[in-house]
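I am attaching a structure below and will ask some questions about it afterwards.
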Amino acid sequence: MKKVSDCTVNQIIWLNENNFLLELIAPDSLPDIRPGNFAELRIDDSRDVFLRRPFTILETDKTNNTIRFFIKIIGAGTRKLGTLSEGDQVNMIFPLGNSFSIPVKGPVLIVGGGSGIAPFILLAKELQNQGIPITFLFGGRTHQEILLIDQYKAFGEVFITTEDGSAGEKGVVTQHSVFNKIANYNMIYACGPEPMMKAIGNIAHHHNKSCEVSLENMMACGFGACLCCIVETKSGNQRVCTEGPVFNINDLTWQI
Amino acid sequence: MKKVSDCTVNQIIWLNENNFLLELIAPDSLPDIRPGNFAELRIDDSRDVFLRRPFTILETDKTNNTIRFFIKIIGAGTRKLGTLSEGDQVNMIFPLGNSFSIPVKGPVLIVGGGSGIAPFILLAKELQNQGIPITFLFGGRTHQEILLIDQYKAFGEVFITTEDGSAGEKGVVTQHSVFNKIANYNMIYACGPEPMMKAIGNIAHHHNKSCEVSLENMMACGFGACLCCIVETKSGNQRVCTEGPVFNINDLTWQI
Amino acid sequence: MADLSVKIGDLQLKNPVMTASGTFGFGEEFADFIDLNRLAGIVVKGLTPKLREGNPYPRMAETASGMLNTVGLQNRGVDYFINHIYPRIKDLDTHIIVNVNGSTVEEYIEVTKKINKLANVPAMELNISCPNVKEGGMAFGVSCPSAMAVTKAVREVYDRTLIVKLSPNVTAIDDIAIAVEEAGADAVSLVNTFLGMAIDAEKQKPILSTITGGLSGPAIKPIALRMVWQVSQAVEIPVIGMGGIMDATDAIEFILAGASAIQVGTANFIDPQVSVKIIEGIDEYLEQHDIDSIAELVGALNID
Amino acid sequence: MADLSVKIGDLQLKNPVMTASGTFGFGEEFADFIDLNRLAGIVVKGLTPKLREGNPYPRMAETASGMLNTVGLQNRGVDYFINHIYPRIKDLDTHIIVNVNGSTVEEYIEVTKKINKLANVPAMELNISCPNVKEGGMAFGVSCPSAMAVTKAVREVYDRTLIVKLSPNVTAIDDIAIAVEEAGADAVSLVNTFLGMAIDAEKQKPILSTITGGLSGPAIKPIALRMVWQVSQAVEIPVIGMGGIMDATDAIEFILAGASAIQVGTANFIDPQVSVKIIEGIDEYLEQHDIDSIAELVGALNID
């Protein structure tokens, strides 16, 4: 069941000057939150932000009802979120969207590009619980864009690519040598810029691997009411906020 | 010369839960500021505040370029100003408007109603410099609305009226016994709610006393460009922000 | 508790607050957030004779105190509604009102006839600002003769409360209102969205896939309020007001301007509980102002 | 530094940024804040044949991302302008453009003839959305025949660059633009304000003395931008765009949509230095995007 809650900021942890973790405390016990779910945060009293902003739920802690988000500053709304301080109120609608499916057996490959790293901590926890081995591959332009690696290392092997070669293999994610062993993996998950997801989708498709991607999109409501956030699927236009954000590439009409 | 300056909040001093003093530091030396002048403050990043807000300049300190305002919270803009903290930036256009005239000789009576007390500290300083004796009369609904009295006591005798009798004489300002000795005064200044100013104007008119009032008004610009802030005068509509905010009652078309 | 009930044609509303078409899905999307039975009515997403995929993505752009949308009437068609959605929502204790669309008069009639048979749909809202219609791309809602023609045709096949939803993109919305009143409308609702546009200066491209889209939200409130005022002076039938209503104060303003009821649109996206908060806020306002019935407030603006 | 110059009729502008009538006084109000000579032009407050006191107070209401005004063309009349104001501003190194108003065609002609003689007023802006005119209270700017008639009449007595300022309160602003183009306008400027209204729910009264007023500011930008786009597709003459421009990015959007130049209005109230900042911002944009001349950007919106 979806909720609208007035949450309290517990802390903001800056990862670098453009990225931070926002930790909120919900006023009552957390509902069931699945890997891939997101929340819509209301950014109050900001002249340039009219609608809510969607963010993937990075982590939850049921013992103290906290929820964490990984946030990258890209405009007025995310900038304003970064100015919050402990004790400030943030109104949140959550949990929203569908979630990743968990395969019967592994191993799985998780690929994150740029700031497309948020959905995978909850997913990794779930996969770990099911005893499924995970390989991570994260790509960015430079090593400064490679974040949360230490957290991910707790769940499996982590490969890195950077376009400038400042960390891991030089290049883009799809060029990474892990794809030489693609046959090993039973399933691929991807999140990041659309061209990257399409490229991963392409590889998965040609190797006949099941592949789920988490899409971003301009959302007005986030809970299925406005029909603004559609993506073309083989069964017609679907709402990314409700039928997604996670889609199996076989259901999309991507030319891959 | 008018300026647009990015000022820094030096401090906020709360007088009670609805009224505070805002002290700003200007980035460079203060221009000449006259009693009655006001400033237009920009209230940034607030969804409900589109235009600037006008506030009378309460006090200035040329040695450290500070300017103080007395602010009463009445809506979104003033509320937001009250949430500023030391070091925050506030953009200010100043000094704006005309100023009170200084009579050749006193004594003078200064009448302030409700929050109409801001223009009189600069005026009192100037009058004191000219050796002109001042009597103050401040009215409010209760003693909680009688503010800044200690500061005013430094410049002359201070009378008080409250509607509930919780301080000074019970009643409204125009009923105060000081008006029995109205013949003693050479000039009257008034600021406060319009009906109060009209009542004072009436008394002044019937006793043939010169009387200046400082008008409030809905302003879009504050510096003469929009023609939104007019008041009817005997020589046609005039801009309160430019030909005012101080008017001699003889120039207004008030039915007194 | 004051009397909040109002009447629109034969339609008895328990309070003046409905939700606007296209901003509230079929109500179900809000069931987790509010008790839908508190609402006077739910105007469901616009229906057409057949399934429509709507316009391509991107469909949304945020603007100063507002948003542009170009959903393009995506819906599964009236039959799907009747067979799959209506059964799920028909027993709610609120009025289900269907927003009817078509690209030709015939299409409007087709949907209307089907809706006319649904026991628990006591009213329809005829949407005459759909951009893809016969008359040379000119919408039905922007000329008096075409607005009149479609209203008349629909009136003939519809037995219940007929609300006609007006487009604000016109020189004289009062003339259009008079035309649809003459054609038999029981009420008018206004405003639909304003045609607007957003550009990405960096990419030098329009933000919306269709270049232009419909503007809604508080940005349009002053114009919507003026139009409600203007129309309520011009017609005898009840006026349903909307356009940028975010809280009870906004709703009261529309009612004072002449609206017998209001619809909440874009605000539902920002606060899915806002419609119920508005009902509560109106009730408080009436109590604070010692007004027994909301009906006393309709058009009560004091202009001296 | 890129080439910022543009041409409007015979009018050579050093950059595309002018200030909008009624929001910049006669320029002098801004002399303390900016170097007026940086501006391409100043459109002065609307003039009428005789002194007008304008509308009663209150004349202003703040709205979401905008404001309503009902100044009502307060001005001292064209003769006062010519004798007292013009001499003070005529030697500025910027174009002084007079915004001409009247309640009848004769009045427009009267003002125009007087302005036509001023050596340093190279252009006029014919304001055809004044609310008090002959045709039964209907403004000149909301019907093609009347817009055409007044433009033609003024064209006959005016030798220089004639800009006609269009009202957005119409069904088809492109049709009006075509009509004034045919009548001899050298350029059109748009938009003027949208008719709107604000209500004080507590007092149950309109906020403005005249009940309705004109809406300006960022709230209207999406609609203004759409109209500039629409008009620039419809006419050959240059389009001057305005409506909610707050910064250089907004200005670029209007230029991409088809405006050869822009005017800054309400933004001047919030930041009296904004017009110069916009000029600087446009220059930066051109540099960052490696564009040699602003002319390349006019109407360059990429719609695939």
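Structural remarks
Labels A, B, C and D are assigned to the chains in the order they are written; within every chain, residues are numbered from 1.
As a convention for this text, a contact is a pair of C-beta atoms (placed from the backbone, for glycine too) under 8 Å apart; a residue touches a chain by one contact, two chains touch by 3 or more.
Please read all numbers here as calculations on a predicted model, not as lab measurements.
Under the touch definition stated at the top, chain B and chain D share no contacting partner at all.
On a Cα centroid basis, the chain most remote from chain D in this structure is A.
Once the centre of each chain is set as its mean CA position, chain A and chain D turn out to be 47 Å apart.
Averaged C-alpha coordinates give centres for chain C and chain D that are 34 Å from one another. Taking each chain's centre as the average of its CA atoms, chain A and chain C sit 36 Å apart. One finds 55 Å separating the Cα centroids of chain A and chain B. In chain A, the positions touching at least two other chains are 47-48.
Each of residues 61, 63-66, 217 in chain D touches at least two other chains. Taken chain by chain, the contacts form a single closed ring in which each chain touches exactly two others. A list of each chain pair in contact follows: A-B, A-C, B-D, C-D. Residue ranges on chain C touching chain A, taken from their complex, read 22-25, 29-30, 32-33, 45, 51, 53-54, 56-67, 69, 71, 74, 217, 266, 268-273. By the touch criterion stated above, chain B contacts chain A in their complex at residues 44-48, 80.
By the touch criterion given at the top, residues 1-4, 42, 48-52, 91, 93, 217-232, 236-237, 242 of chain B touch chain D in their complex.
Looking at the complex, you find that chain C touches chain D at residues 61, 63-66, 68, 142-143, 169-171, 194-199, 201, 203-206, 211-212, 215, 217-223, 225-226, 229, 244, 249, 252-253, 256-257, 285, 300-303.
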